[in-house]
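These are the structures in question, set out in turn.
One chain, chain A, appears in both complexes that follow, with chain B as partner in the first and chain C in the second.
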Partner chain A sequence: MPQTMSPTWSEDKWRESILRYQLRVKADTIERLATKLEHAGDFPTDTPAKLSKLIRHSAQILGEHLPTTPPDQLINVNFLLCSIAEHLRFIDRSRIANTPWSMIQGTEKFLKRQAGSSTDFIIRPQWKYNYNLIGEFVEVYRTSIRSLTWISIADWETSIEGLAQHKIYCISFPRVERLNCLLHANWGHEIGHIIAKEWIDNNFDQLWQSEETQILNSVKREIDKNPLPVVPLFQDILKQEMVADQVNKVMQVAKQGLTELICDAIGVQLLGPAALAAAIEFSAPLSIDESPLNRDMYPPWRYRIRLMVEACKQDLEEHTQKYEAEEVHYPGPTIKPFWDWLRETTYLVQNKADIASLNSNIITREAYKVICAKWQQIRQQALRLLLYNSEEPYHLFEQVRDIEQLVHKLEHDTPPNEIGQWPKNSPASLENILNAAWVFKIGRIRQDPKWGVTDDFEKLFRLVLKATEACFVHSTFGSKLKSLEQQ
Partner chain B sequence: MSTLTHAEIEKRLCEDLPSGLVVTPILSKNQIGDASIDVRLGNQFIVFRMHTFGLFRPYSTPPASLRIMQERQVIKFGKEFVLHPGMLALGCTFEYICLPSNLECQVEGRSSWARLGLQIATATSVEPGFKGVLTLELSNLGTIPVELHPGVRIAQLFFHDAKPKIADAYGGIRKYKCPVGPQFSRITDDKDGKVFSHETNEDS
Partner chain C sequence: MPDLLQSAKLFEVGAKLQTASSCMSKCAQGLELDEKDREILKWAGSFLAQVDWTSEIGVETGDGGGLSVSATNTRPKFYASLLKIGPKFSEVGITPEKNIYKFLKSVYSLLISGGTNGTKIPTDQLELVSELLHTLSQNIMVDLSNNMLPTRHTLLSVGESF
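This part shows the complex of A and B:
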């Protein structure tokens, strides 16, 4: 039997009261989960705990201000709480057991060198077969909290203590490749997203303005080639809509294309041929000439590889270098199988099927006409945004002797973590370790038909992972121990 | 069998692979003593989950279920691992070791730790040709918990010539190949143990 409605009952107020206590519980739960993760302690670096702290304080401040939250804003608070709750999964998945933990500290140190010491990275697996970069979290949270006018942004910044000046990103890698540290050379590309965003934010609009008129005219001409399937009265309106739509798509294709190409350029700049090799291997199961319109605006892989090959050009040529008064020939017998393999990419990029695919459509044709014309200038601008390796790219041909030593170690089942013989030894760089691992792997595959079973790969991964950890510890603690020797 | 002294150890460390001795990385030259090399504690440990397993029967427990009784822990450099009285944990050396075919080595705990009740290695002999980190059987025989930090000098390696040189040192099918962390017991692989085990002996 329906109850008689009270004259003071209001549906909005009734639902608001439910939402208010529900949000209180949600905020408390997120705060508790974040606290638990913050103190879990089983992470390879301190960054997951930092993100936990950011989430904990943000949930706490949202919860504390619920009594003063305007009713019409409760829905936004709910949205924000749900979003930050989702971020807990990045932390949860970055536990030691889920990651190639022995290379995480060394990798974060390497990435921080490029992105700045206040930039932190969480590295976590994802079941989706892809690498990507998510963030930056602190700024996203700051923007969201700032929009909630009843909360003081200064209070929030005080609550998260020193984190307000930090940047936190999350790099994801395919779970099934957890131990495949050679493929993780793709992380060079991912840090490129920070640089690419900076370049796009600061330069893309200007680039677009300078090209827009020409693109607009080209699109109009293309549309004019075919009669429109409407009565003449509506032709102008339809044409305008089509032009606007296609020009907008040209912009999206160009923007996404440039983003990925800048990332590739950064990857090669930092890691040299190891980045190219990882890209070749990653793209092996994919169609390499697919139009950006069919691939979420991503450039065709053949196009990307072509630009990476171009950036590695000097490593694909022969050189003679002076090395401690000795003439060293590059590639030399150790590196040659890998060098030959890399040079075969020039055959791959001579095929212009990707260009044909791009030219077959006005949108991709116009976008890539701009990219192609401006690429060298854009690449130089982007590389200058790197903090450390902006001027000098990694070149394999300059590292012949070191790479030979590291490969020699791998050939004898020894981690490639050191250059030189005792007592004149020093930790190898992450760049050299990864490149040596690729040289070894391709050399083995090419020279020994029996090599390449799972055990072989696992042993290689184990040794390389051990090497990255050993060189991190060596470079972090070695100098402190050396200073103790002198006391 | 002669023990290598400081000069000979350094000489062997300077030799190239595969005939040279590898202990890597040696972070401080102070690690090389008069007749030994100090090795540091690695950051991986295997501890036992006593609450998930009843009785360990070496010859009838399926190898896969052995995972239930062990838990791998990684402790960051700078953090600590606490070994409580009566507790056994498997640790490992931070250094990766490659022994040439004419050298064997003995692992001994450092006396400074022994005096705190810490026993470090019980399977102390390492055969010529071994490559990998060494698993350490850490147990606290004392009465107070001991805090261990990855990176501290934990044990000493004494090297002895093995004569004549072994042709295929540590070759063939071996239980522990190129490990980079502590290895759990593979006692279940011992075929001859099964002959004497009533667990698998149908006639018993």
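This part shows the complex of A and C:
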């Protein structure tokens, strides 16, 4: 072992020489893996192949430009390549065998209706017990690559061809709930992340600018109440760091809080009580008053459910409506058990333990002061960002007769995929299928103490999955079948 | 939800600050800057002037790129970087603490000018600016990548999962 350091040896040069060949191999390997997945073919839609192509070209361009990459940027290229490689798992896990495949095409069609036709979704299971939406991948790659000044962003866009105008997201669901399509009403919340992001991108910076000074003053006052230990040097910079850290946390809590609350609002807007029911069931085993500071900045569940209950207010009241010259009472005997169950959430949200938790700390108190003051206006702005006919909320009370028909089918072990009878039939909407499934499930649980073993649930899930597949086929090819019949 | 785009934006800030650090090093060595270098310095100057509460430099905001949010995000790391390289300020003759703020103001003007009024700042101080930008970039990148280590999640059982 050499005992003295060579005068010509440089740590930076030594690391650079390792990184140059290491990154070349890494980029090539990612490119090859992506190519393999791109041509695997066992996916329910062509979206996984699109993400593979994006990853393949991005790794390729990073690899090709390694000779001109500045030495001090090699570690950043390494970080980028490693991040890109991690995204391959989304593709790998979205193979037909891993997903509720019968639901995927219909769901993607529903999601595209809300997010636009150039938006694609990968739906994949994850072992972690959670739902989430990741992306948007094209924009993420564009933002990262444009910061590397030695690579032309135009060359990258040319290399990925038409994908530059696309948006690709990945929606994850808990693996153990693969068949539980009733809980997948949470996908309404996940698509809300696209809308929430649009709102945040367009408005949050401005909102933050208008609130930051007042928040900064409150944080400074709080810190002044507990003076810093006296340090000989940089006393002022140390204080600035503490204040900056707390103000940053207020911003993170406010941003994450608004994001999740907008998503909940979108979920309820699209799927009505099914979204509320899924949120209730998902949060039932969780601590619902946890401070955002302990839970990755997420709002307390009780706070979220309170706002969802408010948004579902009309569906929690009684109504009488005209339906083909007949007076229809809501909830009526079929829907009533589900309606009663939902109305019990009003007791849940009367408890204000979540508010006490938020008020107990300056960071969450300041963040939620902003959220509370602006929520109604923000919610309205966010809902206006929805596409097509989704500006009108889904209301269960307006669907009584259709829901009754679909529940009747479930009671007779038939997939609830259509309304009416051939040829005067029409495909049921995904919204109605999911709400009917919840009405059926809660009705059964409340009326029949013996109902609710695993086989009962699995039968319900399979009927609903079959219905979503059949209604996709029906809505896509039904008109052609009818015209063939008439020939 | 993991916010990939927020991470990408922080990556962009970190990578650009590293490029700006290299440009400052070039300035210190008396090397020519090209147009791309000048653009990066201008961006770094505007960004840091917004990050530093004491800069008192009016910066145009609302560029649609979420500069205010990125600035709030970066601010704790900026002051932490100042503390980290703190002793080096006195090594190049910048003391007491209030003079650091004065010096930083001249740095932002230099950056915003695209490095054109660099002759007013001595070479060793330009090297210090380069080091500050590098330290801040490194702080952002290490935070973002967790130095490529897995995040620890505590489990119900004794121990941690990776």
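Everything below uses one rule, namely that the second predicted complex is superposed on the first by the 412 of 487 C-alpha atoms of A that agree within 3 Å, B and C clash if a C-alpha of one lies under 4 Å from a C-alpha of the other, contacts with A are read in each partner's own complex, and residues count from 1 in each chain.
Please note the rule applied: contacts are C-beta pairs under 8 Å (C-beta built on N, C-alpha and C of every residue); 3 or more make two chains touch, one makes a residue touch a chain.
Note that the structure is predicted; figures quoted are calculated from it, not measured.
In the superposition on chain A, contact of A:Arg462 is made with chain B only, not with chain C. By the document's definition of touching, neither partner reaches A:Arg32: not chain B, not chain C.
By the document's definition of touching, of the two partners only chain C reaches A:Asn132; chain B does not.
Residue contacts after overlaying the shared chain place A:Arg15 against neither chain B nor chain C.
Looking at the shared chain after the overlay, A:Arg384 reaches neither chain B nor chain C.
Comparing which residues of chain A touch chain B with which touch chain C, the overlap is empty. For chain B in complex with chain A, the residues that touch the partner chain are 10, 13-14, 16-18, 22, 24-30, 72-74, 76-77, 79, 94, 96, 98, 131, 133, 151, 177-178, 180.
Chain contact summary for the complex, chain A toward chain C: residues 70, 72-73, 75-76, 79-80, 82-83, 132-137, 139-141, 143-144, 146-149, 193, 197, 201, 204-206, 208-209, 212, 233-238, 240-241, 244-245, 247-248, 251, 255, 259.
Residue ranges on chain C touching chain A, taken from their complex, read 1-2, 4-5, 7-9, 11-16, 18-19, 21-22, 36, 40, 53-54, 61-62, 64, 66-69, 72-73, 75-76, 78-80, 82-83, 86, 97-98, 100, 134, 141, 144-145, 148. Residue ranges of chain A in contact with chain B, taken from their complex: 41-42, 44-45, 96-97, 101-102, 105, 408-409, 411-415, 417-418, 421-423, 425, 427, 459, 462-463, 465-466, 470-471, 473-474, 476-478, 481-482, 484-485.
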